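Below are structures written as structure tokens.
Two complexes follow with chain A in common, the first pairing it with chain B and the second with chain C.
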Partner chain A sequence: MTLAPARPTATPVTARPVRPAATPARGGRRTLFAAVATAVAVLSVVSLFVGVTDVTPAGVLAALTGADDGAAGLSDAGVLLVSRLPRTLAVLLAGSAMAVAGMLMQVLVRNRFVEPSTAGTVESAVLGILVVTIMAPGAPLMGKMGVAAVFALAGTALFLRILRAVPLRSVLVVPLIGLMLGGVISAATTFVAYRLDLLQSLGAWTTGDFSGVLRGRYELLWLTFVLTIVAYLAADRFTVAGMGREVATTLGLGYRGVLNLGLVIVSLVSAVVVVTVGVVPFLGLVVPNVVSRLLGDDVRRTAPWVALLGAGLVLVCDLIGRVVRYPYEVPVGVVVGVVGSVLFLYLLLRRDARVA
Partner chain B sequence: MSPDLTSPGTAAPAPATAPPARTTSSAADRRARRVLAALGAVALVAVAAFLTLEARGAWDFVLPFRGVKVLALLLVAYAVAVSTVLFQTVTENRILTPSVMGFDALYVALQTGLVFAIGASRLTALDQHLRFVVEVVLMVGCAGLLFRWLFSGTRRSMHLLLLAGIVIGVLLRSVSSFLQRLIDPNEFAVLQDLMFASFNAVDTELLGVSALLVAAASWVAWRERHAYDVLLLGRPAATVLGVDHHRAVRRVLVVVAVLVSVSTALVGPVTFFGLLVAHLAYHLVGSHRHRHVLPAAALVAAITLVGGQAVLEHVLGLDTALSVVVELLGGLVLIGLLLRDGRR
Partner chain C sequence: MTSQRHPRARRAGLALTLVSAFALTACAGDAQDVEPAADAAVTAQEAPSEVTVTHAQGETTVPVNPETVLTFDLATLDTLSELGVEVDGLPKSNLPGHLAEFDTDDVLDIGTLFEPDYEAVNAAEPDLIIVAGRSAEALPELEKIAPTIDLSNDWADFRGSVEANAEILGQVFDKEDEVAELVADLDADIEAAREVTAEAGTGLIVMTAGGEVTAYGPGSRFGFLHDELGMTPAIEDVEAATHGEAVSFEFLAEANPDWLVVIDRDAAVGESGAAAEQVLDNELVAGTTAWSQDQVVYVDSVDWYIVNGGLGTLSRMVDEISTALAG
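Up next is the complex of A and B:
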């Protein structure tokens, strides 16, 4: 599958010179990274003990003070293994993968306001699930994911095609077209779902929610882990590709190949996340933007940060969703929708938004 | 072809350049009048079709039953069309519409917030009409604040506004659904009806008070119809020509807020309907004068809603899918506009 490269936008990502290590020295940055990583780890442990059924506050306390989960009793440990641990892992995997996917997309399309949910990718994946549900209701999860991935890829390719048709004058037209394309695709999806009485299932897929995650129902997300690693290994190529086709080719990069690799990663990640947990909007947009403001645009350097903060943000949002209406849950997609859109608005309306 | 969506400069070249010569203006007038007459005729046919198609059973039951529905649909069509055209005039572009900028979502968020704060039982205990008027007033206030914030300060690019508006819509919808999750399930059931655009299940209870509000808003808008033509020239030109730009814009925003509240209260949020009908109207009537464009847009909206509903419901046997069809078409129109805009 060949995908047309997007035209450089008026203000490409790399218009701002790749900053040398922004603030503290290398060592300081490492320390900070370790600190944030520790915080995320602590939150993950907390997340293991937040929930309705089982592990008592005493159990949480015991675990935090050093006693391992064996102290929490056999059935508690069972809940931990079957439900809590998978859920926490799913949050971390999905969060980091979505954020990295967003970053890849921004680098490759050379536009800061693009991510899978503002480019029609996610909506296409949902359409794919709908189609496979209608055509082959009994298909295994892998089959559904495969179809969703193919649709996501096709949707993204369509988005890039449309972009190529527009001489882009404004950075903001790109996400606008993406959002509209997504709107049209989901209107079509809704129409079909409505006719076939599948609206409710559609609602379940489109709201990001980790509450259904159990052992045996999230493992597909490890695939996103692999994809994130691949993205990291190819980081330098993506950085060069982000400088634009001409520069990249001059530097001896197989531009088209790298572009396709990136888009396949993005589409697969979107498909896997949509199939297993649903849509988590704006995540891939906010996290990479914040990181690149702090650290510049060198993918190899920023990727670990993006992954870490993406995981952390989803974790925090998931915890909020679980606690705020205890013992009921607010789906993470809703919480991220609120947090993410506020952050996105901030990014948009900042004074120098047009330079971003 | 209605030109241009973007800058004030290109927004309305025709009135700017068209000489005031009687001949050209009356030619445009004649065309506009012909188009309006044709649209009116089609609208009448649509209404007649809606009332009579597939009607089995007693007429004295069918006609009043469908008649109320037609009235509600006409009211919605009018409110959406007029609010969109006026909004596009004061924002000096042809992509922004009240619903794209999150007006509908704001109304839904307000409703949800009220239910959350007061509780559905106490809220429904209030007089329904009073409640509606209170909501409309709140809506006008919030919309005013929102737009003060968005349009204040340095003039922002249209694409930025559009994107910000869409994201504000997402934000408000997320906030609404967040609050909805916190609301007691029983109360949520009361609220749920408000959340979905449904031209099929129109809330006819509010018809009377809606009509009153729409009439009041229209009266305010109609008195200033000539000022709106001047606003199309852009802010500096309008100010030079003696229009108090600030006041006019503020007034239009109030009118728009009222109209959007009415249409959202009656059928729920619709995103692209206004965009679709406004562009059809610009395209058909070939005039920039509001006394042509406004009725044309209202008629096109009426034809689309009533006719579309009649065809879908009684000919194709589909039920409430009209809103989805309209969303689909409207989204395509907007992509088309963006592409054309970019190409220029």
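Up next is the complex of A and C:
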């Protein structure tokens, strides 16, 4: 049960170099990937036509060809451009980035139960936003994000620091340390917010919610797309780093550098997502675990899957949130929390679970 | 490290540990445990007389014209200030501008709107404590120190409860005539406002916070705009929106109200006054009648959201609406 990266013999959780894939051979997997990708694409199109305003493909066509008035002066095509497309893109970007960030975190810390929100990263980012809000309420979005990212980085570094100081590391102790660290940080955040009567604003920031997404209000999320691509390009390095410091160093990898790159990606992604839509819990935990079970731990091979399934899961949850209380909305953070915890429990309780 | 080594029960245990740890981090705050005040029997020597009032949490007998009065409720403070009654202690950290006169050294700071500082309350040896809404849960503990009444507002009958609470205060402080006068003034203001709203078309109440928007309907905490002032609700499905519902900007565009009444929660609790306008200023809201006709009313969020009740505040809220709509 103990897991210590310093002793590679201890068979760390993710250290099975490349876990043999449980699924069919390469060809079959490609087909499956294509199928899932198609499903997500279809859902994305569905998402474009779900909302309070009645937007239909026919209406969009009519608006494009002739003049057709939609809601409050906006044509169907207008609503699509201003509201639906940005929202769908935001969901896909945030979902894939958070899932990939979770995967990176798991590989780097070598523990399957770690993700940005179980390692103090997200909590630190929230603390950063609170600090900016108090010190410079009028700061532009980029400024807020910058500060949140710096806090997220510091929080994650602190997590790793504490981790190094803990002699006994069972699989569950690592995320528990992260949870506790996150708890301490959010306790501090809550205290300050309470003192300054910002508790409810804090609630609004931290519950992941896409209802405010419009053209001009989500573009920051494209940054996560860039970061996801960087993660993919450096995938092989992450895989090697995931084998532990000794192995990585022996193989000629600049372990520190790769670790830092991973942390910067994870922290930036967390900061951007928290600033623009709020916290989406469990995602970084559930998706990489499912994918790893199916495909093993080769980051290059699993990254596209993690990104795709992360995007798909958030998309489904956002659709549910939009539909169940129509025309009102249930925040996606709540839906993902419910769906995610069920999936997570299932993962943990499954008989052949390979997570521990 | 392989799964076979672990019995299933243990795995379940581990799972539960982890999941409950998740749950725990989401929880915050626990019950304040406080020693019951020992000397609750502050010798009620020759109080002129007593009056029994019926409030939100039952009946309580309180002295008439109590000497030391503590209130955790800003709406009560607002009414008392209208009546010219002095208050000896209140949560000073949240005082809105128009009640700043109470922020003096003579007035004790007795905690926050939500959480009493029991030591300070006990030390003040109060004759009457008033709680409401945010502090209503503290009543059982406070009752051990001194007679405590709960003047919470009833959202379903907001105006009625504001007036009823004022009448209770009138009885307790022997100012029933003054209260009757103020209530009559308020009634007249409301009648006048009803005439304005009758002509104004539909309205929708929204609150903005942290970039997100919630909508409120009749019967909600801000519903007196519809219920009492008679503004036609812009949304049909009023049932669902009584507690404030998260909505998208498409919802605002579809509801297309003639008037948009905006409560900026971020402004109520901090600075940044233009926050609500920034949130609403987008292509979807721009298409609504309210926005294009410049009929968006940013109401005083401290009055609406923080104090929310009290004779003085309510009459200012009514004035605010009639002035804006008539303007």
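We take it that the second predicted complex is superposed on the first by the 312 of 356 C-alpha atoms of A that agree within 3 Å, B and C clash if a C-alpha of one lies under 4 Å from a C-alpha of the other, contacts with A are read in each partner's own complex, and residues count from 1 in each chain.
We adopt the following convention: a contact is a pair of C-beta atoms (placed from the backbone, for glycine too) under 8 Å apart; a residue touches a chain by one contact, two chains touch by 3 or more.
Given the structure is predicted, the values throughout are model-derived calculations rather than measurements.
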Superposed partners chain B and chain C on chain A - clash or fit: clash
Which of chain B and chain C A:335 touches, first, second, both or neither: first
Which of chain B and chain C A:230 touches, first, second, both or neither: neither
Partner chain(s) touched by A:345 [first = chain B, second = chain C, both, neither]: both
Partner, of chain C and chain B, that touches more residues belonging to chain A: C
Touching partner for A:204 - first (chain B), second (chain C), both, neither: second
Touching partner for A:175 - first (chain B), second (chain C), both, neither: both
First (chain B), second (chain C), both or neither touched by A:50: neither
Chain B versus chain C as contact partner of A:39, first or second or both or neither: neither
Chain B versus chain C as contact partner of A:158, first or second or both or neither: neither
Touched partner set for A:183, first chain B, second chain C, both or neither: both
Steric overlap of chain C with chain B in the superposed model, located at which of 45-53, 135-143 or 225-233: 135-143
Shared chain A contacts, counted only where both chain B and chain C touch the same residue: 113, 172, 175-176, 179, 183, 187, 190, 325, 328, 330-331, 341, 344-345, 348-349, 353-354
Contact footprint of chain A on chain B as seen in their complex: 156-157, 159-160, 162-164, 166-168, 170-171, 173-175, 177-178, 181-182, 271-272, 318, 320-321, 324-325, 327-328, 331-332, 334-335, 338-339, 341-343
Residue ranges of chain A in contact with chain B within the complex: 113, 162, 165-170, 172-173, 175-177, 179-181, 183-184, 187-188, 190-191, 194-195, 281-282, 324-325, 328, 330-331, 334-335, 337-338, 341-342, 344-345, 348-349, 353-354
Chain C partner contacts - residues on chain A that touch it in the complex: 1, 11, 13, 51-53, 71-74, 78-79, 82-83, 113, 118, 133, 137-138, 172, 175-176, 179, 182-183, 186-187, 190, 196-198, 200-201, 203-205, 209, 211-212, 214-217, 325, 327-331, 341, 344-345, 348-349, 351-354, 356
Contact set on chain C toward chain A in their complex: 1-3, 6, 8, 11-12, 14-15, 17-19, 21-22, 24-25, 28, 94, 209-213, 215, 237, 240-241, 245-251, 253-254, 256, 265-266, 269-272, 279, 282-284, 286-289, 292
